[in-house]
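The following pair of complexes shares a single chain, chain A, combined with chain B in the former and chain C in the latter.
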Partner chain A sequence: MKRFAVIASALLFVGSLAAAMLELAPAAIDLRGPVAAHLAASGVSHPVTAVLLNYRGYDTLLEIAVLLLALLAILAVVGEPGAARPAPAHPVLQTLARLATPLMIVVAVYLLWAGAFRPGGAFQAGAVLAAAGVLLHLAGLLPGWQTPRLRLRLGLAGGFALFLAVAGGLLAQGTLLQYPPALAGGLILLIESGLTLSLALTLAGLFLFLSRDEVAP
Partner chain B sequence: MTLAFDLLLALALLWSAWRTLAAPRLDRAIVLFIAFGLLMALAWARLAAPDIGLAEAAIGAGLTGALLLDAYGVLQRRRDRP
Partner chain C sequence: MTSGLLFALVGAALFALGVAGVVLIDHLLRRILAFNLMGSGAFLVLVGLAQRNGVPDPVPQAMVLTGIVVAVAATALALALTRKLHALTGRLELPEDADD
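Now for the complex of A and B:
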């Protein structure tokens, strides 16, 4: 009886959600036109990248800050590191990981470069790089990370710092993160390169910092 | 043809989501979750949003799946040696 009541109310909820979705009014502001109209001045020819890094650059800036904060929270929670030795893995898996890693690096660089004119960009490239790091760790080739030293700290915070420095340097333009059209393409590529590296380290860090004390019981 | 593919995709999404929630074993649920993420990436690609599809495949299915599998491994090891 209880089960039927739950299923019925869930179905009712799904039905009303579907009805609400179908009756959704058109968006009050249609931004597709302005985005397309100003694409030439944004420095890139892919509208998604233009929105993420030019028109709404401060959203991306804050997203990176949130990711960095999440990693700092994990570092604070994990506590003292154990002796993290890479667990031994099957040699076939190790060889496969060794073969796949250079390919994944190439794919990441391609995604970063392609972001300017087709789907791709810093987030996807960073995620592929981070996946390569996780793969190497699972194959026992890359030990889990200890408390980060200066070089790793610089890498983790570098993308955000670079983004912030560009934003600070361009404050004279009037609006936050308003690029001069002549420099926009180069600045976006610079920021995306920094973000790719930092995002890769952050996302891989979510895995490698957490798994460092798994070998030591 | 494309309509049939979309319908199949939508059904597979719902089915894998249900199986993920209803799977009695954790490891099976995690593998089903990864499959669900990949189907979701396909759905985003069909909705003409390849950017989100790429992000979903890389972060949603790949990294989250690896994290879940790792957490499962740790849980198993703790259970074996309390």
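Now for the complex of A and C:
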């Protein structure tokens, strides 16, 4: 009975939403024009990066804070560290992982640099780096992480701290995260570099802290 | 119909599938998957509706990029809680309410 009611209301919801979308008038506010008009002053030439790190920089600032918060919550939830190293994988997989990791680091640096003028940026680069860490872990080459010590803590919080420091430094101008156009490109690259490192460590940590209490079979 | 509108319609269907999954499925891993399906549907609606006249809009794309990262964080936290529940009780379902 419950199943029938839920499925029926979900279908009703999809139907009414689809009908509304088909009738939808053009948006009253179109932000494409303003985004394109101020692109020259934003320090980067790719509109999505300009929105992420310049026009709506505070979104990105809070986003990295949310990621850090999730990691802290995970560290609070997972139990005592136990046997951390997973069983070594097949030698072919290990060799492939060793070969792929340097390439993934190169791709991450390229993505970070490309973010200024084409699709790319800190999040994509950080995700590729984190995937390299997870790959090494699954191949049995990288043990799960124990309770982080000072260096890892600095790496995890560094991107957020750097972003916050830039925001605080620019607060003297009166508006949060309003970059001076002459410095905008350099500041965005600086923030994105810090974000890449911290995001990679955080995203890898989401996996590697979770798997640290895995007991080897 | 433009491809943007098609994305938005598929997104609405995915969202409803996800909601039904979250409500109906007891197994927590599958419920987390359904929760992610809900998120993906919402992102598709955002991006699709913004480009339904053919020209992509960078603002919703940037918001969706932010949303994806937050969804990853939420999923990881949910998985950590599920693991803890499994370690404590050996079950992957939440206990039933008394009045259910």
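The working rule: the second predicted complex is superposed on the first by the 202 of 217 C-alpha atoms of A that agree within 3 Å, B and C clash if a C-alpha of one lies under 4 Å from a C-alpha of the other, contacts with A are read in each partner's own complex, and residues count from 1 in each chain.
The definition used in the following text is that contacts are C-beta pairs under 8 Å (C-beta built on N, C-alpha and C of every residue); 3 or more make two chains touch, one makes a residue touch a chain.
It should be emphasised that the depicted structure is a prediction, and the values quoted were computed from it without experimental measurement.
A.B. asks: Given the superposition on chain A, are chain B and chain C in a clash or a fit?
C.D. replies: After superposition on chain A, chain B vs chain C: fit, no clash.
A.B. asks: One more residue to check, A:Leu203. First (chain B), second (chain C), both or neither?
C.D. replies: The answer is both, since A:Leu203 touches chain B and chain C.
A.B. asks: For A:Arg149, is the partner it touches chain B (first), chain C (second), both, or none of the two (neither)?
C.D. replies: neither
A.B. asks: Between chain B (first) and chain C (second), which, if any, makes contact with A:Val35: first, second, both or neither?
C.D. replies: Only chain C is touched by A:Val35; chain B is not.
A.B. asks: Looking at A:Leu138, would you say it contacts chain B, chain C, both, or neither? Reply first, second, both or neither.
C.D. replies: After superposition on chain A, A:Leu138 lies in contact with chain B alone.
A.B. asks: By the touch definition at the top of the document, which applies to A:Arg56: first (chain B), second (chain C), both, or neither?
C.D. replies: second
A.B. asks: Return, as a multiple of 10 degrees, the angle whose vertex is the Cα centre of chain A and whose sides reach the Cα centres of chain B and chain C.
C.D. replies: Once the two structures are overlaid, it is 40 degrees.
A.B. asks: So, A:Gly120: does it touch chain B (first), chain C (second), both, or neither?
C.D. replies: first
A.B. asks: Using the touch criterion from the header, give the chain among chain B and chain C with more contacted residues in chain A.
C.D. replies: C
A.B. asks: In whole Å, what is the nearest CA distance you get between chain B and chain C after the fit?
C.D. replies: 6
A.B. asks: Do chain B and chain C touch any of the same residues on chain A, and if so, which?
C.D. replies: 48, 123, 203, 206-207, 210
A.B. asks: What part of chain A is in contact with chain B in the complex they form?
C.D. replies: Where chain A meets chain B, its residues are 48, 111, 119-121, 123-124, 127-128, 130-131, 134, 138, 203, 206-207, 210-211, 214, 217.
A.B. asks: Considering only the defined contacts, which chain C positions touch chain A in the complex?
C.D. replies: 5, 8-9, 12-13, 16-17, 19-20, 23-24, 49-50, 52-53, 55, 57-59, 61-63, 65-66, 68-70, 72-74, 76-77, 79-81, 83-84, 87
A.B. asks: Taking the touch rule as given, give the residues of chain B at its contact with chain A in the complex, in rising order.
C.D. replies: 50-51, 53-55, 58-59, 62-63, 66-67, 70, 73-74, 77, 81
A.B. asks: Spell out the part of chain A that touches chain C in their complex, as residue ranges.
C.D. replies: 2-3, 6-7, 10-11, 13-14, 17-18, 21-22, 24, 26-27, 30-32, 35, 47-48, 50-52, 55-56, 59-60, 63, 66-67, 69-71, 73-74, 77-79, 123, 199, 203, 206-207, 210, 213
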